[in-house]
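Heads up, there are several structures right after this.
After this come two complexes, each holding chain A, first together with chain B and then together with chain C.
Presenting the complex of A and B:
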């Protein structure tokens, strides 16, 4: 009768134990990492600490907000849902990039419009400068100064003629 | 001798003039909006005697309280936050004041500013606060009052006008009593 080597049996048991063991919560992605929390936090500003993104703000208020992000992530909320929750709770001013509606549209329209207008004005100015330079330059007939070239041209003209 | 401008040249100037007008219009409009925003940002809190802005407070118990429905009563509105240490100092004395005045036509409202719900509820429980409290959803109430921080307390007279403001915490119960009595004695 064929007998299984003992080390193979041990290996099989170990494999079974590993496969059947409960997977830790962290491995399931239920416990969000600091990086995951900060990825959302850096897109938010709390009204208490103006101009400091939530991911680096050291105040207690901001710590509480980051904890809320962590809880929402753990509950399976998406980034957009979390941001929307913060907007509903604390207003649109918490967003690092304002939503593209209402007067906020100016933020998105004006800079490219100003850039295009500037480029157009620059182009027109350069074009008018160029035209002015061309008009200002006197047309000087080319006079060969080199006696050798003069002789060469004279010879060519004679041959053509 | 005068030189006549060709009709074509005149009509080609028209879009150019409109373009310049449009650019100036836009520039002045943007400056106007910026100026208005700056003016608003530098305005202080609403002044004594001003009409108090309308707002609805949704409390942590899901009750809706409209300031407009409280006409005829003195209303004490306290802005606070669980992360605000000076707020903690006055939290307990506000509850004492509420117990003193709740049967005398004085309404106390607490507005939690930029707070998280769990910590806000824990704060209310810790200090045994029983008068209506709710979050400042969208920071709309604090914006309407143009607050600069917490704690701030606004006392509204029965006609809906601001009668007293305290920027910063009340140190003692007597300070709150004096403020409320001052408004009740109007």
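Presenting the complex of A and C:
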């Protein structure tokens, strides 16, 4: 089976980001804080224990991965570069949402499309019901909605009678 | 002896359930009431029979008969008795029997109701419930036998079998492996029974619906009978979800209550369709509309209950909940397919007869708004199902594994959630039938104007996040409209009957419990929305390694690391516990004790946060790591969750609201 180069487009975007992005927050040489490490780890998923974000995973392996983030930050890597590094090492499943390309686009397209289709069907159904109702009883005496008018009419009727 | 009795009783229940289903169907088709009556007795008998099996398992767990594989894998000698009992649902085999036991309890209870007016529905309710019960029992008997024992063959290998294979010797370990420590928590002790009750009790409304479809009695009788069953099922399901969240918040040590883990999502999906159903049955009862749609919703809900159970138990989704994995997948999948297709065939057969005279006078009428509510709930359902299944689809299609995590769900569900809140704000003021915009606007004007004050004040106080302001505004609108409804009703009674206001309010709610119970639940949704906005948008955190006496600041809080102690605990665990002082705005407010417990028996570590909890916020302090030498640093992670306790507060009020709505009338 032919496999398309997996992350070409992401790489292109990344290149742009690197070119345009402001200077990374962690300047080279400074020891990054735990908070800086966690901010990135939060967006990644532990590659071994599925569905656990990397910042909270207690296993030894994840501790090492957090250290990797720290080293990369200390070496002056940007957030995107580090995320990209993890994707290349462990596959797209480390990202919290799949990269929007190929079959993965379905993730983002199907729910809004289904919702719009549902809304369309509902609206059409409601309309057809209303049409049917209006045709079934064309002359509907308008009920006075205002309690004041209602009372007024009642009194008028009493006077008439 | 206990083992044989327990197993025999399980097999006997299976046979009784099959007999019940057969006799009921035969009696209905041949019009032989004595067969139907006999089937009803069979249905009644299932619960006591499964009870014998459950008691046998509990006996084995408590007495520590480690030759029984299930006892060996879920308990250990050092566990207290109450945990040994709750180990009944701590693993796959036991929890399946527990599941059957709860299902049998519900069906037995249903068999005891007064059937006089609904004789024609009875046989089919028996058939549906007994087939479902027999299926779950068959899983226990064929695949996940909780009574299976361990034996040693002459060549030294080990086999698990119910009866002693030739030439083997009993294998009796001295101690068991112990219960997963994550499950040794009050939330986890109550969460599974609630979740199971919520799941299995939908079998009753589903059975009534299918009974109506087979029998052709498709007026609103099935809905009226099953309304309370549905509400009770919904209450249990909601409580199951809430308790699960509380457990996750309290024990998983990540400062969150909901992580959009596939298993969590799978537990949520039946709740979504059930909630849509609870709203749409009102249109059915009031206006005689949507007969087809209500059938679709109840069939969907029960199918999702089965599907959700299948996903978590077959190990198809791999996640933290994987302790319930096993090899029952294919049979389970087949059963879901067969019941779902059979339900659909029955539905299609009656499709024409279910057509109702749908009249709609206005797009602003209550029924139109309730349908919009259904659209939004089903929208969220689609988002959830798709997010949960996509990783499997991707893996099948491309071989590539992907994660569909919180950002996807949050982005997709937030707008739908806001939409639901707005409908919740408007719909209670709308009327059925001929509604026009004038009275609706007039009723809405006051609460609407007042609700705008909330985001205004918050904005002036420095809250600039648009999403949060929108959320707070929608919450304020729902709260004000709902309270306004209570107020209008109570004042009207006060004027007419001269009752004092609290009494007027009490009698008002008593006269229309369903409506006002529903409103109380809407208020819970507001409380929970506050908590969700707080934790989702304003959660802050920090982490650092501290030496003794050093401090760490997060917002208005400062924590100071005082000391660390390590000791053995009688519960079979090695505890590392820190003492941390908490200051708020410079004032000492108390100590918290973050811990990590290492369990010897299953060799697992559990992180238990130290929490300072107030209505305003929760300060969670977690122990991340420590240096072995006492002078070395200890790493703490501090998470501040504003408003999170409103979620649990909403949960408590929720129970009250549902009970108000479901409380039986004095007449019946």
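Quick note on the criterion: the second predicted complex is superposed on the first by the 109 of 161 C-alpha atoms of A that agree within 3 Å, B and C clash if a C-alpha of one lies under 4 Å from a C-alpha of the other, contacts with A are read in each partner's own complex, and residues count from 1 in each chain.
The definition used in the following text is that a residue touches a chain if its C-beta (ideal position, glycine included) is under 8 Å from a C-beta of that chain, and two chains touch if they have at least 3 such contacts.
Model, not experiment: these values are computed from the prediction.
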Which superposed partner A:110 touches (first chain B, second chain C, both, neither): both
First, second, both or neither for A:98, with chain B first and chain C second: second
More chain A residues in contact - chain B or chain C: C
Touched partner set for A:84, first chain B, second chain C, both or neither: neither
Which of chain B and chain C A:53 touches, first, second, both or neither: second
First, second, both or neither for A:38, with chain B first and chain C second: second
Contacts of A:64 with chain B and chain C, given as first, second, both or neither: first
Which of chain B and chain C A:126 touches, first, second, both or neither: second
Overlap of chain C and chain B interfaces on chain A (superposed complexes): 91-93, 103, 106, 110
Chain C partner contacts - residues on chain A that touch it in the complex: 33-35, 38, 45, 49-53, 56, 58, 63, 91-98, 102-104, 106-107, 110-112, 114-115, 118-119, 122, 126, 129-130, 132-133, 136, 140, 143, 145
Contacting residues of chain B [partner chain A, same complex]: 23, 30, 33, 81-83, 114-116, 119, 135, 137-140, 143, 149
Residues on chain A engaged by chain B in the complex (per definition of touch): 46-48, 59-61, 64-65, 67-68, 87-93, 103, 106, 110, 117
Sites on chain C touched by chain A in the complex: 252-255, 259, 261-262, 318-320, 358-363, 368, 371-372, 375, 378-379, 382-383, 386-387, 390-391, 393-394, 397-398, 400-408, 412, 416, 434, 436, 438-439, 541-545, 605, 607, 625, 635, 637
